[in-house]
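In the two complexes below, chain A is the common chain; its partner is chain B in one and chain C in the other.
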Partner chain A sequence: MTADLVQLLAGGILLGGIYGLAAFGLSVSFGVLNVLNLAHGEFLMLGSLLSYCAFVQFGMNPFVSAVLVIPVFTTMGLLFFLVLIRPLGEKPHHELLVASILVTLGASLAIEDLTAFFWERPVTGIDYSLAPFEVGGVVISSLRLLILLFICVLAAGLQVYLRRTFMGRAIRAITQCREGAKVVGIPISGVSALTFGLGVALAASAGVFYVTLFTATPTMGIPLTVKYLCVVVLGGLGSLVGSVLGGLILGLAEALTAYYAGAEWSPCIAFVLLLTILIIRPQGLFGTET
Partner chain B sequence: MQSKHEWVMVLSLALIAFLPVCPAAAAAPDAIVVGATVSQSGHFSSEVGPFKRLMDAWAEVVNKDGGIFLKEYNKKLPVKFVVYDDKSDEATAKKYYERLATVDKVNVLLGPYSSPLTFAASTAGENHKIPFIAICANSPKIYERGFKWLVGVIDLGPRYTYRYWEMIKAEGKAKSVSFVVEDTLHPQGVFKGSSKLAEEAGLKVLSSEIMPADARDFTPVLTKLKNFDPDIVYVSSNIPFGINFMKQAREMKLNPREIHCIHHSGVFRDPLGESAENVVGQSYWVQGMKLGDPKLIIELLEKSKVSEPMYPWAPAYVAAFQVLQAALEKAGTLNNDALMAALKGLEIETVLGKEKFHETGYGSINTYPSQIQEGKYVVIWPAEVATGKRVYPRPTWK
Partner chain C sequence: MNDSGYRALGFVGLAVGALILAALPWLVVSYVMVWVFLLAVYLTLAVSYDIVGGHMGYMNLGHSTFFGIGAYGTAILLNKGLGLLPAMAVSTGVTAAFAAAVSYPLFRLKGAYFALGTFGLISLMGVLSSNLRDLTGGSGGISTPPGNYSIPAYYLSLLVAAGTVALNSWIARNRFGLALFSIREDEEVARAFGVPTTLYKCATLVISSIPASLIGGVYVWNVTYISPSAVFGLEIALSPIVMAMLGGTGAILGPLLGVVFLTLVQELLWTQVPYLHLTMYGVIMVLVGLFMPGGLIRTPLLRPIMLRLRSTRQIGALFRKNGKPLSASGPAAGEEVR
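Right after this comes the complex of A and B.
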């Protein structure tokens, strides 16, 4: 029984790591830009498909792809921001939010349909696995563990970037007070574009791991965005630590619910957690009150 | 001279007078218009995405000789398809079938892929009294509504793997089974039938786990399965669910004596690589099977560039084309009532064996158990159609 519980905890934590990485990009673009990017899941999907191509065409290891997609998708995110988000301009806070939802939802549907039209293989998966190892009757997937380690390294790197570099500090300053950041001379537009690009790159990087573990399809984006939105709200908007811990909590909650209450109850636990957190602590576990 | 004129007049009047009573061919339409939707996008595109090409290939083959002969018009009429993308969505499929019936005014409807879409779309046939031939749809719910304008090519879902359970009973090696079921119409239907058939085959059902279609983490279920240690793990699901299950089953070293995934096509096999080895599933047709005349399947697969291991439903579509052609030839007309009557009374040998419709509309074509061996599909039961031998127990994952 104890071994089963440890097995479930290990599985939940490994799954939660993927949730955390994917959710962080969404969190950072919302926290800094007040833009709710509903096309987030589509960038994750595109990262998955690109990684699949790299694996099949060049035999590229998914861990290498996870690094290489970052500059590619940062550029894509920058372009997306400049073409679709920037024209929304200096709209009031709530209008910008609504406009961003509409624009990114439209973009999301367009990306999904175009991909489905051109992508010959509707279900995509990578035949990549590593031998698991066993500790005291608990089987640990080496691949999932490596992915979790990679996510931890990436999260630590981002934390250093946000705390030690000018751009990182600028991002944090905008998150804390947009007007104040403008007053002290932070180039809001440039930092916003880069932050959006970073969020998109993190989604794509999560997509690389996603297709390594699961199947990817051109239509998977929107349901994933909804799930990651739950993680973001759970952890607290704009909080790196909150996103990762929110992901881990959700992963664990899903695993334990599926085992003890039945697998059919597992998907709804995300929304139960979300409602509970919204009632008890509306700013999320690690969010700050505004 | 005058008498000559009189004779001509009399003859002309006689011709005019007798013209309406002389038997003659009715005005023939330009073509036999067949309406259908194909899931070219959405989650079912993994199963039937390129099947419009298959339809076009069949039309090309039939039209090469002028089309299908219809006695009422005393001529061959070419086949013309009108096809829309239903996006694997029930509401979209329903909308397009209504359009096919009312705007495109098709003569016959071929069903979309899957039971949920067919359930929704088949109302168009019933509402507008147009023969509707369901293809890959086997949920009993479809045929329990008393529809008069509906027939289905394949047998009911609960019997989808009955030949597999016959094999299990006959060989007597496996003693227990656990079910993992995707919570959608077709996998649920197959599971309900299979759990009964498994018990009838003398197996002990150790557990049944129903999971949502978008399940990604199987750790809880796999942990339970490892404790139960069944001889057979039977996964009743669509392909993406099956792939995700198998990937994690290997990661967690789940080692039953046999894993059965009801859908194990090339789309399933390729992303799994070695993990798909020795998985048993179901096939309508595999090259080399001693079943029906394979010429038409091979020709259409080549023409349409559809690969059978990647799209194992293709042979069922070919059987549907044969049913349609036979019914049209038997009816000899495009009259809806006559065509439907011809369909209901049809009894033909298709590329997948004998086809005959039950009173409620479902057909008699069913699948055969097949196993992935060195990346190839081997039909393992019954002996008269088998192309190889079953590997049991499967080698364990290290």
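Right after this comes the complex of A and C.
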């Protein structure tokens, strides 16, 4: 029973780390651009499927692809930004909201439908495992532990990037006050483009781990975006620590729901959690306005 | 031609249109009738969406949940032996209660967050309808007692659609509608001037849920079978919104134009191509978002006509009394109101 519970919690924490990583990508690009990218979940999906292809075709180790997708998807994110998101910035304020929802949701639908059309097998998972080891009667999968370690390293690296480098400080400055950042001479459009690329790359990198542990389908993008919303509302906007904690809460809640109520109920829990939070503590768990 | 001339012309056009629609079952093959039925369904959804999305400026992407709850409720009650009208009435009551319950937390979200939150509502209802097998029949769907109701359902759908259009334009002309416009323009200012914004927002969501639920009941009565993917799927969720957006929100003619245009495109083009429908919706959304967020009625081609039509509206008189010039579009299309 305790072994089960530990397995369960380990699974939930891993899932939470993946959610937190991807959701942080969404929240940081929303903070800088003021455009909520509803196509964000699609990049996790694309990262998953791409790394699956790389694994099947070339036998590429998922950890290698988790690093390799970062430059690939940064480029893809930059292109997406230049073609679809930047033209929105020129619109007057009251058109911006409607236009941004239409453009990002439309892109999301098109990506999802096209991928589902060209993807022959609907459900996939990477069959990659390492020898598990045992600690005090509890079997721990070393693959999962390694992934958790990787996510922690990535998150720590990000935190250092945000705190110590010029670009990271610029990103935080724009999130706090756009006008002020402009006044002190931060190149808004350049930083915006890079942030968007970074957010997309984070989602794709999280997607590689997702497909290693769970099954990925071409249609999972939009539900994932809703989960990110839940994480961002839980953790507050633009905060890495908040996103990771929010992701952990969601991941654990999903794992526990799947165990106690049945796997078919776990897709609801994100939304139920979101509604509960909005009723009890609309400013988010960690006190920031969303 | 002066204002009253246009008005008379409008009434004559309406009367002729109504006559043609009423006589349609005796004039044409049933194929056209089915098409008009679907058009009425989409029109009801698009116009009732417009009450929240156009007048109040909150994008409710989960509008089809109301349609789905209405359809499921009616189907379940029909199977329990209730008549159509009581079944529709009860399920509409349930839908309105549901809308009231979710409106309170959801309206704590704003802008894009609200849109995404309501969008999540669809997948929640999809999961619920597949999991509550005893009630809804699970993912296999639910059938209602068979029978050929196509002619009465046709009239009923037209009635609901006409009622929805009337409701939408009635709201646009009274004090409540003005309060909604003020919420769209600037919620803080509206609240400062004494508009009870939270109450009005919740009430508006409940009002817009009622027509969607009613048409859901009519829909399931006619087609006699629904499944979670049919009523809580992405296509039924997004097509009315895309139609309203394509035509132009916040004005009665916008959704009307968008619905007729897109259902024609669907009929002529998409029946030839059995796949990639969602891709096409997606591409249309991107193009509308990038190039004409105000919709077709605010494009340079159609604007002058709309301006002329609009000037006969009573709401226009309200603005003119204060000596302000009249705009062809709602402020959502980029007009300055302040």
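The working rule: the second predicted complex is superposed on the first by the 251 of 290 C-alpha atoms of A that agree within 3 Å, B and C clash if a C-alpha of one lies under 4 Å from a C-alpha of the other, contacts with A are read in each partner's own complex, and residues count from 1 in each chain.
Throughout what follows, contacts are C-beta pairs under 8 Å (C-beta built on N, C-alpha and C of every residue); 3 or more make two chains touch, one makes a residue touch a chain.
Just so we're clear, the structure is a prediction, and the values are computed from it rather than from any experiment.
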{"item": "Partner chain(s) touched by A:Ile222 [first = chain B, second = chain C, both, neither]", "value": "second"}
{"item": "Touched partner set for A:Pro267, first chain B, second chain C, both or neither", "value": "both"}
{"item": "Partner chain(s) touched by A:Gly197 [first = chain B, second = chain C, both, neither]", "value": "neither"}
{"item": "Partner chain in contact with A:Leu109 - chain B first, chain C second, else both or neither", "value": "second"}
{"item": "First (chain B), second (chain C), both or neither touched by A:Gly20", "value": "neither"}
{"item": "Contacts of A:Gln7 with chain B and chain C, given as first, second, both or neither", "value": "first"}
{"item": "First, second, both or neither for A:Gly31, with chain B first and chain C second", "value": "neither"}
{"item": "First (chain B), second (chain C), both or neither touched by A:Phe117", "value": "both"}
{"item": "On chain A, positions contacted by chain B and by chain C", "value": "113, 117, 223, 264, 267"}
{"item": "Contact footprint of chain A on chain B as seen in their complex", "value": "41-43, 45-46, 49, 183, 209-212, 214-217, 219-221, 223-224, 227, 239-240, 243-244, 247-248, 250-253, 267, 270-275, 398"}
{"item": "In the complex, chain A residues that touch chain B", "value": "4, 7-8, 10-12, 15, 113, 116-117, 121-127, 129, 131-132, 134, 139, 141, 143-144, 213-215, 217-219, 223, 251, 254-256, 258-259, 262-264, 266-267"}
{"item": "Touch list for chain C against partner chain A, complex", "value": "59, 61, 102, 104-106, 108-109, 111-113, 115-117, 119-121, 123-124, 127-128, 130-131, 234, 238, 245, 249, 275-279, 281-290, 293-294, 331-334"}
{"item": "Residue numbers on chain A that touch chain C, as the complex places them", "value": "30, 35-36, 38, 84, 87-88, 91-92, 94-95, 97-103, 105-114, 117, 222-223, 225-226, 229-230, 233, 264-265, 267-268, 270-272, 274-275, 278-279, 282, 290"}
